[in-house]
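Chains: A, B and C, in written order; residue numbering restarts at 1 for each.
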């Protein structure tokens, strides 16, 4: 009641304010800085062609038919080329689970946006590597 | 809430079979029972459930397409105070089978009946509001959940492996 | 009603472009400020999930279910998994049972936090909307750490669960629960003590138990009338761990109107639901045994199922969520799968509940029943 309770309220408010001012912001300066994604993040895939045996279990497991396999295209003895269609992929993780030869993994890369729809179909050249061309905008590079 | 004492699934089944001898029963589990009801007796049975089970919860109505113009309707009721599940099974036949609507007894069934009508083509007689529930107008009379309604499987050809065997077609006016 | 009153009647479409109406639209007929007729429309969110399920195999099917309601993804995907387990007669390891239950209760807590914020946003109390949503982020962090995804978790699978708890997940779960418990008493005072909020919700959308049951309502809208109708107690699932802990079904009984509930009671009820969830999680976390998280034979067994029918139900955040599954012999896909969402009843109930209310109260009635369009459109 009265003076002291008002003082208490003001103290509460100031405490809250000061704490917020010196806290690290919740947001990120996105294209230049990104949050650390957990290890299990189901982002885009990476295909290790050395281990692949062209068994096509990932293709059969996919519920949305986002994976296409080309068994003719061989880089090693018995591997195959995979085409991932990220316009369809729902990142459910069934293909990675189905792979028994450690040839397919999710990566914590989730910013997949492209300027062209066709670029979202990741062919064997893009799906086997995590490198990508850096984007430049007004002289600043990000990604 | 205190208007009646508990009733078990078998007691309810016996009461219903006494009134409607054409109904047969089959236990499903502990205090869960299935009643096979002829389609002309459905209103009588649902009314009896309403009268004898004071807290009957109308869970759902749905159809099953058994192909060759045979359909089944399942009605599911749950009673909390008796921990009792009652499942009614009605067999229907014909191109556009008909059954009496029960949504004046349990209003909660109104939308389930509307959905079954648009998805399976089962007519509910005396339904107060037989509009389409979920489908757009251009799909009226197509009945998408019937087995003869074929969906587009062309995506499977793109995978590069042999597609799984398609469901056998059983005539009908599929597109 | 005399015909000249209806001459002045005005029809208003509430949704689908209204900000609160995410995937639904209701036609309201107004006379003055009062709603005389309410016609809820469904179908704006229809994705033909039941037809899709006829083409998906038994490991893929739960993905469809969790997309019905992403706010309670752990709960939503469970009925399908349970139905497959019933038909295939799969054993679930003890550890997986407890992990499932913990994550389902976390999912319920998260869903209630989201609803709480959304309900306040719909009423116009936007400060009170954002605060629960901050706490919700902590639950989402735990989900992401555990499964790798914030909403579409794909966690349960026939025979067990997919991802094991790590120390970091347990720490995140503790943090989320602690955050919620710390802030709940203050928030609750702020919410229930607010005279504006009480005035807007008291006596709004009042119905009796009998009416609610006839519409098919279940879950919090019925428990708020004082009836402890809860599948977690009524029909305990052998593959879940609800009987391994000590808890009571939360109910709200208002002495002013026994056997009835209004929007305020339903708000109160959801606080209690969240508290019960926390209570269950806190009891189950220390009981977590060591062991496998999935039956090693489950993968092969769930490939092809014998002929059978199963009806699996779970007490979702919004009420009874169930799936009826029929398979043919050696089937790879379901013959028929029927999803029964709880919200089909609560959305249908608007038809009888809204007429007579003021236009401004419509969103209060709608929000307090917590319908989610994925559950009626499927």
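Heads up, the rule we're going with is that a residue touches a chain if its C-beta (ideal position, glycine included) is under 8 Å from a C-beta of that chain, and two chains touch if they have at least 3 such contacts.
Everything numeric in this text was worked out from a predicted model, so none of it was measured.
Chain C has the C-alpha centroid lying closest to the overall centroid of all protein C-alpha atoms shown.
Between A-C and A-B, more C-beta contact pairs are found at A-C. Chain centres here are Cα means. That of subunit B falls 24 Å from that of subunit C. Our note on geometry: subunit A versus subunit C, Cα centroid distance of 28 Å, whole angstroms. If each chain is reduced to the centroid of its CA atoms, subunit A and subunit B end up 43 Å from each other.
Contact residues of subunit C toward subunit A in the complex are 56, 59-60, 63-64, 144-149, 152, 154, 162-163, 168.
Those residues of subunit B lying in contact with subunit A across their complex are 155-156, 158-161. Remark: subunit A residues 37-38, 40-42, 61, 63, 90-94, 97, 106 touch subunit C in the complex. Of all the residues in subunit B, the ones that touch subunit C in their complex are 1, 55-60, 62, 64-65, 74, 76, 78, 80, 83, 85, 87, 106-112, 119, 132-136, 144-145, 149, 151, 164. Across the complex, subunit C meets subunit B through its residues 42-43, 46, 48, 50-51, 55, 209, 213-218, 227-229, 234-235, 259, 311, 320, 322, 324, 326, 332, 335-336, 338, 340, 344-345, 348, 352, 376-378.
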